[in-house]
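Next come the structures, one after another.
Look at the two complexes coming up: subunit A is in both, with subunit B in one and subunit C in the other.
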Partner chain A sequence: MTRLFFDGRPIETRAGDTVASALYRAGRRIFSRSFKYHRPRGLLCVAGRCPNCLVTVDGQPSVRACVTPIRDGMQVRHQNATPSLEFDWLSAGKWFSRLMPVGFYYKTFTHPRAWKLARQFIRRAAGLGEVSHVATAVPDRYEHMHNRADVAVIGGGPAGMRAAIGAAEGGQRVVLVDDQPELGGHLRYQRLAGVEQARGLQERVEALENVEVLRNASCFGLYEGTLLGIVQRPPVSGAATNAAGDAAGGSHRSAVEERLIHLRAERIVIATGAYEVPRLFTNNDLPGVMLSSGVERLLHVHGVKVAERAVVISDDPDGGPMVEDLRAAGVEVVAVVTSPGVRAATGGSQVTGLTTTVGHFACDLVVVCGDWMPDAGLVGQAGGRLEWDEPRGAFVPAALPPHVTAVGAVAGVPDQVAGAARREPAQAPGATTSPSPQSFVCLCEDVTAKDVKQAIAEGFDHIETFKRYTTVTMGPCQGRMCQLAAIGICARETNRSMVATGMTTARPPTLPVSLGALAGARHHPTKRTPMHERHEALGCTWMDMGEWKRPLHYGKSDSADGPGGREAKARAVEGEYRAVRERVGMIDLSTLGKLQVTGTDAAKLLDKVYTNRLGDLRPGRSRYSVICDDAGIILDDGTISRLADDHFFVTTTTGNLEFVQQWLEWWAAGTRWSVHVTNVTGGFGAVNVAGPRARELLQPLTDCDLGTRAFPYMACRRAEVAGVPCRLLRIGFVGETGWEIHFPAEYGEYLWDLLLQAGQDFGIRPFGVETQRVLRLEKKHVIAGVDTDATSNPVAANLAWVAKLDKEDFIGKAAILEALSRTPRERLVSFRMTDGQVPEDGAAIVEDGQPVGRVTSARFSFANGKAIGLAWVPAALAADGQEIQVNVDGQLAGAHLVAEAFYDPEGTRLRS
Partner chain B sequence: MSFLVRCPNCGERSVYDFRFGGEVKARPAPEASPEEWTRYRYAKQNEAGEQLEWWYHRLGCRQWFIARRNTVTNVVSDTRLP
Partner chain C sequence: MVSQTAQAQPYRCSAVYRRHLGLGATMGEYHGWRTAMRFDSAEREQRSVREGVGLADVSWLGKLDVRHAEQEWGGISDGISAASGDSPVGGAGAPTAVPRRAWQLARGHAMVTCGPEEREYMAGAAAVSGNHVTDVTSVYGALLLAGPRGRDVLHKLTDLDVSPSAMPNESAGQGGLAHVHAVVLRADLGDVPAYWLLVGREYGEYVWDAVTHAGGEHNIVSFGMDALDALAPRRDAR
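Let's turn to the complex of A and B:
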């Protein structure tokens, strides 16, 4: 037995129940309190179209109870009422309704202070449930699916099923989308219309292999490229095609809360049907005043005896099939009255009677046979519109594009069968006779007929401005319950026709869609280097660099912000630093972007894109360069190594690989040059082995002569290291003798282990990104994207030497020439702190109490015994020895600019 | 935004497969005037209608190509390799 809990109390249910049907059967009549006046509201449409049954389910606010299938143990809570739906102290608000006319906010809170005071109260009083402030993990509850169809049919009623059958029998692939657990549309709840017929059509649909039926799936929008947005809620097993049965969408999907389906279709058939809208009379919003289609759903889908005594409001003098249905269910029909004769519903928290021109009838249910509106949100989104058909007294779709058709009730054509159960649409409520001022036009936002008229009297008589002023059609029902009545009153009050009054614009989503469904499952890839497990085994502290994981340093400092963590980090970094400066260290560089540029025109392309000259680079040599755009902005930097005349090995910064590759390919596009750019990042692992003893460590492992003369600084070689074919680049990012070793990724752990083992005798230590940042900062080596930003050019960044302006042309040349002809606004400089403080990255440079510049990187330099850093300062301050003030934790601290590198300024260690 | 783009190599795909590369425009000669360079760098035609654009098939063949797109309707009428 499935049980749910309402406000903590257990509720018995039956198979096939929704939250609303179970609660109604258990005796609940008030389902919510209204937005503004906290009036009690009960079930009205029982089809997910009105705002009356919004509840909080398992912490999720504003769930429509009438279309939410039950689940065992479900925790359902009421919203917007204190302490309970039956006794809501804020319902006193209804007495103030005279004081809160339409446009209340705009007229009353004209002073910001008044609004500030009032909003605390208003925000508490008005609302639709609360979003939990406790962050909850939502693992894998959402997913996205992509689907294609020749024909998409939206709506699984008889018209939709016939359209699907027709298209499928013509050999087309059809996807039929229906928001109910079973196909059938109105045939499912209109008993007299024939459940038999629904079953017959359903069987025919299911026998067709080229029809895919999506049940419990609501189409919420039609977007460009004939893309349909569909959200499918559990149980979603019906998503499998008929042919494949439920195997593909079986129980393993049950954890999915919502599935968003992107459906592309060649043709779209809109078969969304029509829905019933309320009539206007005093207290038309009382619990117990229910639409006839809602009553039929409770009677025939859920088997609930809706009431004891009912009054039916119908334009059919004998009440039509509704009366028979009620009697068959054992409900006494006290009277049938036509809508002009209705005066008011009576009752406090629930209807107790209906006052009419022919007398008062006591009852506990008022059945409203309302007008029918085509459910035409998709019509508008397809580029069509609804037009008022005066002779038929109905809105009908018009101006649909050729690939979109509307069939069935949405097209204003009553279904043959449904016709027996439905009345022809009449005039809109309020269009012919003036409705009672106390009747509610808009249930979502508590707007009465009086408010609507007043808004029009105030001059808001265009349907769009009227909508924005009164907020009619802007609530959770998105105008389904109120649009027709609002247009009717507007037309009458302005002496215009319904056609001239028009409708508000329909935009997606036509139904509420959760943000989780739109976002979909979380797919955040993690990239690990070939030596990842080794770093883990060494107990490193990880950092995220884009999708990559990199060791920040070795040893744990997970609470890096706490004092203990900070000390652990400082100790680890100093140990690693000393190993590199005094002995030898090794860092994993596998995350570097690596591109192979090959072809007879490879040098030509690189010369065009990089600022440095690369055409004359000899095989076996490497060069540093930056990439600029044509505005001279630094986009990336890296080294270019020429392995052969037509073969370059290019490194990029970790995060910019994709961009650099696309940038190179773009400049090659259409040139007919013989050049090919290949991303080889994943294929190569890399380490940098650096330090005064690096050569001693590496030489025994390779036949390649590593001597200063044979393998100078900025040279590159292909050679075997411990039997592994490697690319050795002599590059000095950290400022010591060292080699970047690039090797096939599958040898990563082998080489790492071997180098660490061989390095034991030399005191080797692996080092992390944090240590590397200290080492490179001492050498004033800039990191593109850290020390430069989207406004930095090479002139201002002190990198003008890397732009070879005597080259015929390269990207950014004209801009760099222009930049050289004027004084830059700011310059990138390096500084040393006067005292012991270490500024944070991003700290302000202050002059005369004003921030004038910013620190991009600052670290404690073990070589200097002081903090050092890079900073952008106004050009006027950028002189060697200039004193500057840096904001360190809110205090100004002194620093001096230093022109040369902080460590080994001559670069002798680098080159030795 | 959910229109389709026909990649000259791979065929029709969702626009999310692609990277937009901006309007097609001619790069000035190196010795062109600063005004011409400024126009090239910063000025966009922003045509309300059909224009030629660069597109890159990021999740497919990884090729740059030129597309004729109507910026009002997002209909891509023609695509070709440069």
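Let's turn to the complex of A and C:
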């Protein structure tokens, strides 16, 4: 026997039960408390279309109990009620309803302090369950799937099944989507004739190999014209999910609880049918007031005896088949009344009677044979609209795009089934007679007919502004239960027709979708360098740089924010720093963007895009340059190395690779130049071996002459290092003699291990990004995107030297010329702190008590014994020796601007 | 003078080398790469692939990126076709698993796949009319998803239409796979459907994990080169 637990108490279930049917059979009548007034609410539609049965299931809030199949051991809890559904002290809020009229939150709490006071209470009192603050312990709970079809049919009722059969027999690949465990739509919960008809159609569908059936699958949106969003719960996987496929072993159960399916279809058939909407009378929201379709589902699908004594509200004086069904189930039908005669339902926590113009009837169930509304959310999202058809007295779809069709009840064509309940077309409750002020129009947001009228009286009489002011149609039901009534009242109160009143815009999702389903499986792309495992083995502390993982430093300081972590980090960085400055260090640079630019016109393209002159760059040489946009703003920087006349090797910053590639391709497009840009970032691992003993370390490993004369600063060579074909660039970002070594990534581990081993005799240490930042700051080397921003040009950033204005043209030249003709507003300067403080990156530069600039990077310099940094300051302050004030932890601290590099200003070590 | 340390023998590892060591794989050298030869028994792996789905690391696969004028596609395709027959290393003993052909990915953009030893030879064949040919063997990691349930696994990872009608044997596509760009080549191993997934090497380990995770429902197995050779025997001597 499968059991679920509701608020900790075990509930016996039966095969085919949903959470709601099991709870109802066990005697539960209150399923939730309303959003605002905490009124008790019970089952209403039993079809997942109203907000009345939202519960928390296994920690997931706002799950619709009536469409959620049971699972053994399922933990179901009530939500939005304290302490219990039966006694909720927040229901006392009804006594203050006069203080909470429609739109009260737009008028009250307008003062920030008032809102601050009220916010906590409001957030506690109103809501739709709580998201767990604890990460789910079930990593495989959600997943995404992608599927394609020639024809997607949304809705497995008779019209949908017929459409699927027709398309499949025409040779089309069909996916049929239905939100129920079995096909049949409304036929499933009607009397025998309907069930038999459904079974016949289902057998025909299942016999077709080119029809894939997705059961328990709800389509919640139509995107991009042909992309359908579908949530399947619990999913049944595999391409063949029809009965034949299941029998053939085509399905596999998994731990997945919700699957989001991206279905692309050439043609879409909307067969979503129609749904029943409530009628308006006082206390129409009491538990025990239920739509006739909901009653039918409980009776025929779940075999639940719904009540002992029922009153049926129907415009059919005999009550139609509903009365027969109730009697057949052993329910006493006390009375059948027509809707104009209904005054009020009575009762406290559940209905005890119905007061009408002809008297009061005691009962424990009021069955509302409501109006029927096309389930047309997808129609609107497809670009079509629902139009009020006066002669038919119904909304019908219009203006659908050619690849979308609507069939069946959603198109205003009710299915004729012998013995089936009569479907009344929508008559818009409230359109003809004034509804009771205390009747609830919107069950999701607790909006009454009185509220609706008041909003209109306040001037919100356009359907869209009215919606935003009252929040009608904005709750979990997305307007299914309330839109028709709201339009009806709006039309009546404004003396407009239903057509003129119109409908609100339909947007996805049309059904509640869990955030977990949208997020899918935990696939977060991560980029790893070829030496990732070696860094891990060396005990590095990782940092995220976009999708890349980079060693911040070696040695663990996971609690870097704590004092212990900070000290460990400082010790590690100093050790790495001293290795580079005094001996030799090695850093993994594989994350640098790397582009290969080839072709006879490669130099022409690079000269066009980069500010430095590259056309005259000799093979075997490298140059630094920046890229600017038309406005002269620095977009990126990097080095360009010429390996051959028609072959350049370009590096970019780690984060800007894709942009630089697109930028180069953009400017090459349409030129007819012979040039191609290839991203080879992942193909090359890279390290920088730097320090006074770097040459001693590397020379024995290669036949390439690394001497100063043979391999000067800013030279590049292709050479083997320890048998690996490499590209060697003599570049000095950290300010020491050093080589960037780029090599095929598959040799990464081998070369890293070998260099560390060979470097033991020279005191080598690997160093991380944090140490690199200290080293480069001492050399005043700028990092584009860190020390520059979306307003920085080379003139203000002291990089004007890299813009060769005597070049014929390059992107941004005119803007840089213009910038040179005037004094910049700000300048990028370097500073040294007077005392021992280290400012945070982003700290304010303060003058006369006002922030006038900002620190972009600051670190403690071991060479200077004080903190140094780069900062943007007003041009008037940008003079060598100028004293500035920096905000450090809320206190002002002094600093002086320094024009030259903090370390080796002549560049002697770099070039040696 | 090159030192003794430099005399060490360079070795090549794919992006999932360490992951495979962690899985207890028996490693060996395959086409010059340290590669998983087997995780379990080759026979069991082969059976699992034939009946369900398996995943292997084939990063050693030679890959050439070819940018060409649209009208030159036929020349490249024919050139590679002819070269694959004449390749000095493509004859007897070569694994038939290696798809040795040109794949058109987009207008003016093709990919050539081949054995790693014949990259230079194939590059020459592809370089008709001054096309730009770049060896991207190191740039792309390559995973082989093989078996009748392979398509179901791909359904969880990519929006590409991998149905038999849209992607029959010897066809290619490119698009997102587990949120990263991938080139998907369909080159079956005899009667076993097989998808060769080329992804940026830096994503290799992530994509391996994502495919393995997605395949869990279908009991996906890791398989090594011994099973691959059994699935696609080497060419007979001519």
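We take it that the second predicted complex is superposed on the first by the 762 of 912 C-alpha atoms of A that agree within 3 Å, B and C clash if a C-alpha of one lies under 4 Å from a C-alpha of the other, contacts with A are read in each partner's own complex, and residues count from 1 in each chain.
The criterion applied here is as follows: a contact is a pair of C-beta atoms (placed from the backbone, for glycine too) under 8 Å apart; a residue touches a chain by one contact, two chains touch by 3 or more.
Worth saying up front: this structure is predicted, and the values here are computed from it rather than measured.
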item: Touched partner set for A:599, first subunit B, second subunit C, both or neither; value: second
item: Which of subunit B and subunit C A:809 touches, first, second, both or neither; value: first
item: Subunit B versus subunit C as contact partner of A:526, first or second or both or neither; value: second
item: Per-residue touch tally on subunit A - higher for subunit B or for subunit C; value: C
item: Which superposed partner A:863 touches (first subunit B, second subunit C, both, neither); value: neither
item: First (subunit B), second (subunit C), both or neither touched by A:666; value: first
item: Touched partner set for A:746, first subunit B, second subunit C, both or neither; value: second
item: Which superposed partner A:225 touches (first subunit B, second subunit C, both, neither); value: first
item: Touching both subunit C and subunit B, counted on subunit A across the two superposed complexes; value: 262, 264
item: Subunit A residues within the subunit C interface of the complex; value: 140, 143-148, 173, 237-239, 252, 254, 256, 262, 264, 521, 523-530, 532-533, 548, 590, 596, 598-599, 674, 676, 678-684, 700-703, 721-724, 744-751, 754, 757-758
item: Residue ranges of subunit C touching subunit A (in the complex, touch as defined); value: 1-3, 5-15, 17-18, 33, 59, 65, 67, 130, 132, 134, 136-141, 151-152, 155-161, 163, 165-166, 178-180, 200-206, 210, 213-214, 216-218
item: List of subunit A residues in touch with subunit B within their complex; value: 223-225, 227, 262, 264, 630-631, 662, 665-666, 669-670, 808-809, 813-815, 818
item: Subunit B residues within the subunit A interface of the complex; value: 1-4, 14-15, 19, 21, 27-28, 30, 32, 34, 37, 40-42, 54, 56, 58, 62-64, 73-74, 81-82
